[in-house]
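Next come two complexes built around chain A: one with chain B, the other with chain C.
Here is the complex of A and B:
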């Protein structure tokens, strides 16, 4: 760990002003996405419950796509690159190798986001050709404007380059510290990025190989099951890509805020290695009801998924034990009495602790999702959004907001505008999500579908075993409103902090683990070994299902037509003209966006 | 406005080393969590199998 930062006096921005600017920019991008995503979240929450409808229902899917993409791609991943840059620079105690390169990957991510967001928002203006009402999962044969797929590809390339930046820092550090263990935060960043490199193979092939050429009219059709399977090849590990920065904060920041020390550095390393190994070969558990994939492959995915419970339970133990260590150092006693000694008035602590509590609840609904038989009960119902609003929507989002209260002053040398507002904000989020997610889970059990603008049908009523559906709708709408208020409180608190007077000495020290890295075997730091095993597991899990999908209906399924059709099929044109035409259309689209 | 340092709320009254600390409270909390999980599974059994009519295929 960086000794200069352990004294608590100089802040991160004092030590690394250039890197602090990049981290601030990334976090600011993430907060803008969070705010916009929250606006769309509120609109859809009020629309589908029929509390307040001001948009025609045909725009519901534009709203839903914007909410999904802004929240789970832009908000989460911009925050991730910010926090990972901070973590690597801080834990290696060295600046990035070339700050221009760092700004370059951040710039690519911004350009990619703008392209995708413009394509999505184009859905509100029917007179334009722009539209990407394909939801976050962009399943074919739903088709988006090429700008959407192009933006996504550029965004992902930005994250690849960011990962290379952190590997480069580590490599340079290793030359100067050949016999030292990888500092814990850097270890977490590197294992997460190895997982990301494997996971993004799926999305890169789906987008660049099929969906982008298809939307440009270069290929006539795609095989929807193939692109869907490639999507989930990435779509499940991306869940851990959201979670790993939250885990990094729980393992390395939360113990210090609690007044204690991380219980075990080796256990933390084991957890991140397990996520590298197990995150990817499980994606087919999102496709339990997809025809065309044999039940046996689904069973393998389910088994792998259940193994993933192990690192999550290890985390529950290690993180709670670290908090307990803090509480007991602060004078707490008794089997449960120590909980009272925790710093509940600190918004950074309370936010992260409440996020962890919600994650425990999400663990249960996740187990239901993961079980092949019981999944049929809740598949495509409102239960599923109920689940992921507990995980990414609270465990991740609330941890990010809480951590911002701790980190932002260290990036700016300006104290937080209001700590009471921050504390209120975390509690309002928790209460809002408890209401909304509970209503979603219960409605899901009664069969209310997800992704539906008007789940109110003539001649059919959903029957609730207890309470009433109307009551649950109101609960959902109230929860969504509270979550929106909480987001506004968060964003405005951070924005108003920029007006605070500049101070010095805002650096916060991080405590050393009780059980250090030296207590664990060095093989844990052998990244090549874990990467190799992870690749083998992915090949084993995906080779046969993918071969079977291609064998059944080919790489391109000619019987499938796009909906809606974005580009006229280029029938009758020769290939050269077709490519030229497509490239010119794409460039016109890009020029229209980038000034 | 608060000083970032306030947020740290350092109130350590004793230092506990690795050997002096047994996370019994954590064990108790996780045991409670497992009991809740078990209860929820039993609840789901009622929802899935007893809340619906029999499904006969074929």
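Here is the complex of A and C:
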């Protein structure tokens, strides 16, 4: 084994040591965010189910804001910039044009994150003015500290510069390879970034044009429906921004670790083009039950949303077909017998396969959300977080963790600390999420709202048509606990891998698609054309709704005053005291159990 | 472009599924007449609700035989009126707005569900059949006391009902 490894393929870090450092830094930032996000997630899961409450409920929203922002902005996007840098450098087979520039955008993203996180965590310290308990969606007129909006803006500028870095690499490569098709991974990165540039127009206007100056006192009021609509202009495509790195991994890495080859390069390109075109003109589907937006605009968003199912359904086919090809290469046979021939002992494979399976379930609950009329039953209930914990919380998160088991050794030349622990981790995540998400979906159907510290009311009780609410709460809390354990296993496995002995030859080559790029029309690679069409679709979908919102209630609605998020000092238990008390209560409980 | 025949079948089935979804939703919205929240409720000055003819006095009023209109204010952390009393076998159109931040309005266990946005008036129409009592929750985070924000709808037997505001 050892000698085979010594003569194996050179790893990414052997070939591109400077780039590997950036990728490692981005992934490390991502894992830190994941760990902190998981701590907050556990606190939430136990608090809202009333299993264990040690904080006053008003701090629940500080915890929830931190969980949301750390998970879906920091964890996902830091991972994305890491994996995209790896993918561009690897697939173009050339270093970045200027490594100092690469470090600069990474640095900006770190600064932006720290600013926002400081503002959020300030919510735990009532004596400071810092607070950003506005949740991940920061709907005005709830108002956060300017540091929160400023941090967000700087973070996004960092991602814009990162995109420019990858375009620059591609441009330089194209000068040397004028007649070649764009390598698949680079194609995926570039189309995703074009989608991101369009999507972030919305949040840039909302944050820089309205919320930041408003929080600084430069403007008196904002129009809450307008800033909310601009948020969702960005808020839906951002979910594809989380998902596209997972798709990149499913298309280009999963077939190889299944022992086979990607079914079709051309269809992979078609899928990414469809995401570029359709990800943005759909945001209004988050506003199906908003007043102030005409039904016709909602119907248009609904239609676009349904078509957005197409690239995901195509992906389901291609990914499963590529896995089957791999399994048959490994000797699998039969209608379903080939499933047994897949490398289930490989945590990278099992994690990605389980993530894909859960994505199918998430897709089905997403179809309910997208159904404009049936959505009334579940809008803003616990069903919705149940849905996105399957998509971003598993399809994306578990794929990222699984891919890390595969990629991390190639970035460090150190084998993974423990593959059995890694395998256990992916399964624990799957089981934990199955429990938690199931409980959330079901409770949502019974009307239990999302985003609340105590879904227990004085005037009425939730009625379960089957099972019981108490049982569902326990299921949710158990799921959340398993997910926390799984995160700890993941993070510590990666951390302990730094102590592994250095090896050479850990590189893992990627297989070539069965149907190569040459099979597809060249127009697929015409990025200007797709970008142009995407812009036209966005203008068509958003021009009239935005004009009508501004026409009805103005760019700024003077009737609406800011509502800075404040902690009530009189009733609020200081979190520091709360944590101390919680620890002592816990230790008493443990001492009570263990004689 | 070379597309495998299985993949073509899958593509066709996927498109049929999508078109099917769009058709059912469109059918529901147009033919069956499932009423969506839209811009019909109009706008309002959020800081002067007390001067507004619709919201100066939150109330339920009769506008037709079995038809009623309810003017409701959702604010940090109450619904007004509370409880909202309506008669059985009636159709009630709710007009809901907020003087402060964004709230939600959900009659628990039903599909009566809307966002409440300051400056905008949400309009939803609900049919009430049998007498009974329903909870209302605010389902959008609205500040540190969000979890205490609840209300109720009391559907009274027709002969006991009298229109008006909160007692």
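Operating definition for what follows: the second predicted complex is superposed on the first by the 555 of 595 C-alpha atoms of A that agree within 3 Å, B and C clash if a C-alpha of one lies under 4 Å from a C-alpha of the other, contacts with A are read in each partner's own complex, and residues count from 1 in each chain.
Assume a contact is a pair of C-beta atoms (placed from the backbone, for glycine too) under 8 Å apart; a residue touches a chain by one contact, two chains touch by 3 or more.
Note that the coordinates shown come from a computational prediction; the quantities given were computed from them, not determined experimentally.
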item: Chain A residues touched - chain C or chain B, whichever exceeds; value: C
item: First, second, both or neither for A:415, with chain B first and chain C second; value: first
item: Touched partner set for A:343, first chain B, second chain C, both or neither; value: first
item: Chain B versus chain C as contact partner of A:263, first or second or both or neither; value: both
item: Contacts of A:331 with chain B and chain C, given as first, second, both or neither; value: first
item: Chain B versus chain C as contact partner of A:561, first or second or both or neither; value: second
item: First, second, both or neither for A:154, with chain B first and chain C second; value: neither
item: Touched partner set for A:377, first chain B, second chain C, both or neither; value: both
item: Chain B versus chain C as contact partner of A:306, first or second or both or neither; value: second
item: Chain B versus chain C as contact partner of A:292, first or second or both or neither; value: second
item: Chain B and chain C contact sites that coincide on chain A, given as residue numbers; value: 263, 313, 317, 321, 367, 377, 515
item: Sites on chain A touched by chain B in the complex; value: 8, 11, 256-257, 259-260, 263, 313, 316-317, 320-321, 324-325, 327-331, 334-336, 338-339, 343, 345-348, 360, 363-364, 367-368, 374, 377, 405-406, 409-410, 415-419, 445, 465, 500-501, 503, 505-506, 508, 514-515
item: Touching residues (chain side chain B, partner chain A) in the complex; value: 1-18, 21, 23-26, 28-30, 33, 36-37, 40, 44, 47-48, 51
item: For the chain A and chain C complex, residues of the former touching the latter; value: 57-58, 60-61, 64, 133, 135, 139, 141-142, 223-225, 228, 263-264, 266-267, 287-295, 298-299, 302-303, 306-307, 309-310, 313-314, 317-318, 321, 367, 370-373, 376-377, 379-381, 446-447, 449-455, 457-460, 462-463, 515, 519-521, 548, 552-553, 557-561, 563, 565-568, 572
item: Residues of chain C defined as touching chain A within the complex; value: 1-4, 6-7, 10-11, 14-15, 17-18, 21-22, 24-26, 28-29, 34, 36-39, 41-48, 76, 100-102, 104, 106, 108-123, 133-135, 137-148, 150-152
